[in-house]
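Heads up, there are several structures right after this.
The following pair of complexes shares a single chain, chain A, combined with chain B in the former and chain C in the latter.
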Partner chain A sequence: MNELLVTAAIGIAFGWTLERAGLGDPPKLSGQFYLRDFTVLKVMMSALVTAMLGAFWLGRLGLVDTGRFYVPETFLLPQLVGGLVFGLGFVLSGLCPGTSCVALASGRGEGGATVLGLLAGMATVGLAFPSLEGFYGATPMGAMTLPHLTGLSYGAVVAVVTVSCIGLLAAIGQWEARR
Partner chain B sequence: MSATRRMGLGALALGLLAPFVGEPRRAVSGALDFDAIARAIDDGADHVSARQLASWIRARKPGLRVLDVRDAKAFAEDAIPTAENLTIDRLVGAVFKPGETVVLYSQEGAHAGQAWVLLKALGVADAVFVPGGLADWWEEVMSPVLPADMPVAERETAADLSRYFGGFPQVGLVVSGGAPAPAPTPYRRRGC
Partner chain C sequence: MPRPYVDPYLSGVSLGLVLLGCFALSGQGLGASGAFANLASHAAGAFTKNAWIDGYLSRGWASWTVVEVCGLIVGAGLSAWLAGRLSVARPPAPRGRLLAATAGGVLMGVGAALARGCTSGLALSGGALLSVGAWVFMLALFAAGFLAAPLLRRLWA
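Up next, the complex of A and B:
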């Protein structure tokens, strides 16, 4: 029960932040794909750096046990195909699963339509699962992490990712100021 | 300087410092509690019989996770229902939720026993293995020979469990001389 309350609180905070960042607005989201609006990229990059630095430093200070983090397993081919399908839906509807709930909560019709489509898609895949199962489990690569893959230390990966993200954010900032 | 710029520079500093402070502490990994392992082996808390596993699967025991540590080819040929295939090398990177009961099995048990020690070293508290592996599953669940002198209720429960998984339970007949009927050839394969 307690776990559910914590989950609900985190969910509400997440939705509120997404809405505040302007991600409940489909034209803004699809603007990313046409390189008109970089809000999505900026939100993603800053969230990624914040979460990564938080996980690394809290782990280093012994406040959280990074060994207990859940690392989703990589299934290369199905995830590539899934990503393409996801991206297509994203640019068509201007919303992703999280932001569609946010859009619905703020009373947008597009949000409701996307949530319905999402549920219908999940039901379809669930029903067709027996014939998809072979593909679903294809090319398993286990729980992959960048330190594992590159052979670099965890700290070095953190530095490389931070510098690339902050560099990209600064470049976007300058480009927007010039426009 | 704007707040955004200050936060960016702060993040940059934390990121650039990261390579020089070492790895985050992992509280559980690599610590072997020898006494606890020895105790578990002594009192049998390290393993579970194939029949017990079958009743757990049928009862949909909450948090039950059955892991087949054999290779993908062997897994595709024959496996315990609800099992997932996780070879020993992938076991090390796997993540186990608290409250999960992990049951390991292999062809005949040796590899599962080794995997069990590995999981203990990784700090997985609730893990057991099937001593006779898949061979036990076939002997005890799929084609069990139930002694004729077994109490009827107990025999029916075991037979029922076997049928649930599509097995063929047999009752060992007591022939007039008192000698039980010959048991069917047990299912054993080489290797583990």
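Up next, the complex of A and C:
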């Protein structure tokens, strides 16, 4: 019961943060792909860097056992193709799965339409899985991380990603100011 | 007048802290597509059984991600209501955009199922833990988005 409440509370905080940022608003999200509105990249990059630095330092200082954090497994080809298909869907809908729920909760028709589409797409994969199974399991690399792949230390990769993301955000800021 | 949206950097840092808290409390990242995969598996499971469907059936209806996404809907609705965004009279979305949203949902459902996650669970949560697949997925989705956008300009004009 307690665990259920913690999970629901995490979801509430997640939904609240997305809604306050304006990420339930399809024209705003799709504006990212037309370089009109950079909210998607700004929120995503700053969230990623915050959580990445937090996880790194909590582990380094021994405050949390970060070794038990679940690292998504890598299946190179299905994740590359899945990402391309997903990106096309993202521009069509102006929402992603999480933000479609935000749009739905804000009473937007696009939210409900995207949610129905997501369920249909997932069900299609479920029904067609026997013919997709080979591709789904192709190019497995296990819980591969960028430090493992590059041979660099965890701290070095964290530093490179931090500098790259802040550099990208700074470039976006300059570009917006000049426009 | 509804309350303006929060600054994106402040939102991003807040979201990062929510994600960090989620890692510390549950050992996993924030997710969204997993809830859709679970519900779709329960529906498809009425017709057929296979490894993918069984993987979700074994977790039951109320899996971690389903409970989390229920919370997400409550939190987003509460936030929209308190920000005065529920009472704003908005023109209904044009039919073309609703059709595009449904088609986009189908594509994202297929893409997220193949990739084993979406923008939340794979790109953001996995990206923060430097998963290679998460970064491949994230770069691919933005590349496809930017490439497809010029073809869909009329949808968002």
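Definition applied: the second predicted complex is superposed on the first by the 179 of 179 C-alpha atoms of A that agree within 3 Å, B and C clash if a C-alpha of one lies under 4 Å from a C-alpha of the other, contacts with A are read in each partner's own complex, and residues count from 1 in each chain.
Note that in this section contacts are C-beta pairs under 8 Å (C-beta built on N, C-alpha and C of every residue); 3 or more make two chains touch, one makes a residue touch a chain.
Please read these numbers as outputs of a predicted model, since none were measured by experiment.
In the superposition on chain A, contact of A:125 is made with chain C only, not with chain B.
Within the superposed three-chain model, A:75 lies in touch with chain C and out of touch with chain B [touch as defined at top].
Contacts of A:11 after superposition: chain C is touched, whereas chain B is not reached. In the superposed model, A:49 makes contact with both chain B and chain C. When the two complexes are superposed, the chain touching more residues of chain A, out of chain B and chain C, is C. Of the two partner chains, both chain B and chain C are touched by A:143. Contact with chain C, but none with chain B, is seen for A:38 once the two complexes are overlaid on the shared chain. By the touch criterion stated above, A:170 is placed in contact with chain B alone, chain C being left untouched. Residue contacts after overlaying the shared chain place A:155 against chain B, while chain C stays out of touching range.
When both complexes are aligned on chain A by C-alpha atoms, chain A residues 49-50, 66, 68-71, 143, 148, 154, 158, 161, 169 touch chain B in the first and chain C in the second.
Within the complex formed with chain A, the residues of chain C that make contact are 5-6, 8-9, 11-30, 32-33, 36-37, 39-41, 43-45, 47-48, 50-53, 64, 67-80, 83, 85-86, 90, 92-93, 97-149, 152-153, 155-156. Across the complex, chain A meets chain B through its residues 49-50, 53, 56-57, 59-60, 62, 65-71, 142-143, 148, 153-156, 158-159, 161-163, 166, 169-170, 173.
Here chain A touches chain C in the complex through residues 4, 6-22, 24, 26-27, 30-34, 38-39, 42-52, 54-55, 58, 64, 66, 68-76, 78-102, 104-110, 113-127, 129-130, 132-133, 135-136, 141, 143-149, 154, 157-158, 161, 169, going by the rule given at the top.
Touching chain A in their complex are the following residues of chain B: 4, 8, 11-12, 14-16, 18-29, 90, 93-95, 97, 123.
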